[in-house]
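Below you'll find the structure, written out as structure tokens, and then a few comments.
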Amino acid sequence: MEIGRGRKSRQTYGFDDVALVPGTVTLDPEDVDLSCDLAGLRLQLPLLASAMDAVVDVRSAAVISALGGIGVLHLEGLQCRYEDPEPVLGRIASARPEEVVAVLQEAYREPLKDELVARRVAELKETGAKVAVSPTPIFAHRAAEIIGPGKVDVFVVEATVITARHISSRYQSPDLRRLADMVEAPVLAGNCNSYEAALDLMRAGADGVLVGVGPGAACTTRRVLGIGVPQVTAAADCAAAREDYRRESGKRVPIILNGGMRVGGDIAKAIAAGADAVMIGSPLAMAEEAPGRGYNWGMSTGHAGLPRGTRIHVGIAGPMEEILLGPAKRDDGTMNLFGALRLSMATCGARTIPEMQQVEIVVAPALPFEGKAQQYAQGVGGTR
Amino acid sequence: MEIGRGRKSRQTYGFDDVALVPGTVTLDPEDVDLSCDLAGLRLQLPLLASAMDAVVDVRSAAVISALGGIGVLHLEGLQCRYEDPEPVLGRIASARPEEVVAVLQEAYREPLKDELVARRVAELKETGAKVAVSPTPIFAHRAAEIIGPGKVDVFVVEATVITARHISSRYQSPDLRRLADMVEAPVLAGNCNSYEAALDLMRAGADGVLVGVGPGAACTTRRVLGIGVPQVTAAADCAAAREDYRRESGKRVPIILNGGMRVGGDIAKAIAAGADAVMIGSPLAMAEEAPGRGYNWGMSTGHAGLPRGTRIHVGIAGPMEEILLGPAKRDDGTMNLFGALRLSMATCGARTIPEMQQVEIVVAPALPFEGKAQQYAQGVGGTR
Amino acid sequence: MEIGRGRKSRQTYGFDDVALVPGTVTLDPEDVDLSCDLAGLRLQLPLLASAMDAVVDVRSAAVISALGGIGVLHLEGLQCRYEDPEPVLGRIASARPEEVVAVLQEAYREPLKDELVARRVAELKETGAKVAVSPTPIFAHRAAEIIGPGKVDVFVVEATVITARHISSRYQSPDLRRLADMVEAPVLAGNCNSYEAALDLMRAGADGVLVGVGPGAACTTRRVLGIGVPQVTAAADCAAAREDYRRESGKRVPIILNGGMRVGGDIAKAIAAGADAVMIGSPLAMAEEAPGRGYNWGMSTGHAGLPRGTRIHVGIAGPMEEILLGPAKRDDGTMNLFGALRLSMATCGARTIPEMQQVEIVVAPALPFEGKAQQYAQGVGGTR
Amino acid sequence: MEIGRGRKSRQTYGFDDVALVPGTVTLDPEDVDLSCDLAGLRLQLPLLASAMDAVVDVRSAAVISALGGIGVLHLEGLQCRYEDPEPVLGRIASARPEEVVAVLQEAYREPLKDELVARRVAELKETGAKVAVSPTPIFAHRAAEIIGPGKVDVFVVEATVITARHISSRYQSPDLRRLADMVEAPVLAGNCNSYEAALDLMRAGADGVLVGVGPGAACTTRRVLGIGVPQVTAAADCAAAREDYRRESGKRVPIILNGGMRVGGDIAKAIAAGADAVMIGSPLAMAEEAPGRGYNWGMSTGHAGLPRGTRIHVGIAGPMEEILLGPAKRDDGTMNLFGALRLSMATCGARTIPEMQQVEIVVAPALPFEGKAQQYAQGVGGTR
């Protein structure tokens, strides 16, 4: 496939471009097992809550952990910049659209405080929750020093894009194996979205790989930088790296698909495309317990020079439990996300996550929910 | 075709993606024969009305039968839960959008009553109509017991997805051949949407197969579960199963394409893609005689934990006769659906349904009716 | 290419799906020759105005002829049903949207009058214009009898779809060669949209073939019947029939692409795809001289049983001369249609229509005019 | 690939159809070199500001030059027609939509003045800026005579489409080599959008080639004339011509992609597809220093007979420096365009423009910024 004379390319696919095919065997949803193994950590749900200030704080992380997933606290977010972040969260939520970039840039100008990093980890531990935290690569070693050994269950090194071979004249890339030793926990790393980059990260010692560049609802990387691979293709490519790395090393490094999922069906497609777990933000920002007060924004939205995210209004749909496990009070796929995954897996005849990774996927023209209903109301039925 | 490294897929097609090519021979529409053979039952129109509470009750089933089709009464719907379902239907129609899911969940919480199942069948029989009823797989044997032999013309076992090889730790799948013996009528089963699943159902004794997972206007399965194959491809795939099963068994098991058709052209495409008959809901919910009062909703919309449908406003277009056989008082394809099929077949040179299954189909970019008119009004002509 | 198991299909293309590539030689627009040979009739512009009541009456046909094209008067339209059609045209233009189908059905219920058929032809002849008239196949022989020899320059037998091998138990298909003898003028026939059907019509004696089923802005055939082939593919397919027929018979039968063109670029693409001339309706209904008063509607919109068209608002853009030859007072491509064709041909290095039929066409994602401007106003620039 | 029987075509791609893949090596943005060599002229940014009256006048050209790019002054624009163009610019900005075509046609009816051509060049020179000017082919020799040797840094001969082999019965095409001798500066020529036409221009002496027919936001060439090749394919095709010409001549003629870029990501894709530099208009018309007062329009919009552009509202986003180099006060990709290019290159592992021309591009379904945010606000989250 050529996009111009001699210039090779290939077609890629996102959630709206594919659909799953029911199996020739179907199962009782009750017989489906949703648990996943995240580098030795067993989760009842294949769920990481995104390291975003509108999604994860100590309170929401505790709720998510109790429900079977794990929330990732961003170590460079508002929680570690402000003793009391509530007033700042309030200002962000109430900012008018035309001032929101400036409000965010102002909010993230406040310096990080080592003391708060340590305190948030301790507070989270006290709730009894599984503890996951996330620094960017530049801050990773310092964060590991502050936290010390045995305090977290997972350590997530995350940036828009991360490679095992970053070259900088200013600072050195983090050593993933050394970080794991420092915190005595598995280290996940990302984001990447290609076979080669995922394989490199595995070889560099990542215990799990985050996959997804620019797909999230609150993220504008694809627009601002032109960069991004749609998530279904990214998942399949990086899952191929997982299988090849397993053959070469004997170690199975899980793939966590990060971003772009809005409804239960998207999560089902993510697993079917090859992911072992999903990392989601905006769908959880709709929970009553989420700190975002009905909004979500990307962690690069507050970037001083080049914001690469936006604040979006997601509304508040109900308690986190209803969003994750139902009962759903909405019919649009945004609630009971993992009940939907369970039923989808049963319908596809998949008893476990690894079985779901093998189901048939077809390329299907987008069929938006809204469009269908509107078509009747405006175009076909009703008086015109 | 790959959607990611080593992950095979294939392109699928829906109604908006294809168009029919006129024949090199055209016929007089009067010379076209629309009748179809449904497992021994001869219908003047290749039409089943969907087993939906907004579409089929005793009254509308009688009208549809008189016009040449057959209406399928849902045995687990409101008609078999309430002595008088009218007040409930009224509440559903008048519910505000934000409360409709709760109203539906409440309405379907009322238990089924065996006595009402038997009574509705008797009432329908009394009208002189052809009688078709539909339970879900779990209720199928019990329903057959209640109804007994010789009371229905067709027995339809239907769920979102059904397979001949369902595995459950809680209950046993229905035995289609035994059900046919119990009710002394042909048994249709569905839904499925793949070659393999359709073939399995035929081999398990289905006298007809319903094809369609998640395509309907009031259905959100593709969004909530990620599951669905667009209907043109599903019809062609399952028609291939029909032909292969005919070669292996000598028996021709009809394919009923279920859902997603909104206008006459969609029905024509359904037959052209391989269907022997169509099952439609929302287009008939627009009839004055339909119980939905201008609305339609999926039978999974009232699901307590995970609604997979939505209530849509379809409006009331006219009497059932005008919707099925004209004259059309609208120019948007929603009325005189089978007059349109007749003219379409004549234009394609097809005298019978089996001939229509052979006409040429092309893949064509979507060309929405609304878009064209709007383009003139807003974008090209008129003052801007 | 398969749309389902064993079901072959192919991709087709419309105007919005393609673009023309400038030539490696460009010409001065003044050196371009737009004239075309229509079965012996030389036109300065490759233009037929559609046989639609909102586009062609005696007055507008005279204007179009004077400007270099030819207007086709529909012999079964309002002009031949009413002594004075003006009040009816007024009622159609002023009808509210919800009553327009009924108003049209009522308007076309008035019987045809032989006397008016003859009179309109005579009136048109008196203006000095080139005379083209169009009956449907059923009325063609009777119309030829009424008109008699030597009164028209072109005789156009037109229906939604016409084939040389129509089979009817009620009436006989028209004999194109006999019609040509009766009126002593070339006979164009259509519509068709496939290679085979076009070749059949040429072999049956058509002196020109109209190509286009369901593409027009005021036409809903594709929606109502599911039938249609996008115009770029239809033009190329039927042009291939023209070339093959020329090889077999020595006669070059021109292809007239009928419908779906809205702007100058569409006309350029039509010629480039293989058409010898274009037949357009809605773009001309925007002329001050058009009878439609700012509206257009399909000739099947008034069908009593199954309307297959719609009334659209096109507005009034200016005099016919400005629409055809400029100067354009709009920047949206709807005015100076043939000045645009001239410049497009010059840019593609085509001096004549046959040279334009050879220029390079690429498949290009749709890039709507409106979208681009709106994107700046709403999404990118401006305050959000 | 065929668009009809025997008619070959090929698929082309625009900015919205592709995305870039991050590298397996990433760089520190500070280590990226954005400079480009434009036929001997070194620019710190690979940027030409379009020769449009709403974008470049003496003042804005000076600012753009100081920031590292170069502004191209149109020698047939308002600046060379009016002693004081400000009142005319004001009238254009304040015209109501329905009168804007007439206002533009009126504004450009004022004759060119040789004296103003010379004066604007001198004024620009005095600011210390790099000087680039642009005549159309017809005016090119006369303009070179007026300007004389040594007064400009770049001379740009530009029309909608230009070929080395233009044939006209009225005037002779410009001799690019002679023009270069006359002004003693490199001569860029365009626009073209195919391999063959670009190669022809290089062989005819062009020192740089402008690539882009009809892609700009204020341009309607594709609609009015049907002509255009989407920019990603055009860039790749013409870059192939550059490489082939380098092999045949030893000379590297830069490709300047002209038009259609709106955000930083588009510029990154342009370079990745093969461009050496970009020429942009509408994004710069959003600068406080731009003459357009929040609007932009194509230079063919004022064409007396056939306008092929439109006036669009772009709004005013901030000073030119923020638009080019940040900091961005918007999160939509329209500010800090070259900071975005820098970060995109770093993320793709490209240290220089030539390295960026080699990064991986994938074909990806369009994922509009607006759509994503709206989907949450209207379709998924929030009360419906």
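By written order: A, B, C and D. Residues from 1 in each chain.
Simple rule for what comes next: a contact is a pair of C-beta atoms (placed from the backbone, for glycine too) under 8 Å apart; a residue touches a chain by one contact, two chains touch by 3 or more.
All values reported here derive from a predicted model rather than from experimental measurement.
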Proportion of interface numbers common to chain A and chain D (over half same, under half different): different
Of all other chains, the one whose Cα centre sits farthest from chain A: C
Between chain B and chain D, centroid-to-centroid distance (C-alpha), Å: 54
Chain B and chain C: spacing of chain centres that average the CA atoms, whole Å: 38
Junction residues of chain A - those touching two or more other chains: 12-13, 233, 263, 332-333, 369, 383-384
Contacting residues of chain B [partner chain A, same complex]: 1-7, 9-14, 16-17, 101-102, 160-163, 165-171, 192-194, 196-197, 200, 213, 215, 217, 220, 222-230, 233, 262-263, 282, 286, 294, 301, 304-310, 312-315, 317, 332-334, 368-370
Chain B-facing residues of chain A, complex: 12-13, 15, 18-28, 30-31, 195, 232-237, 239-240, 263-269, 272-274, 326-333, 336, 339-340, 343-344, 347-349, 360-365, 367, 369, 372-373, 375-384
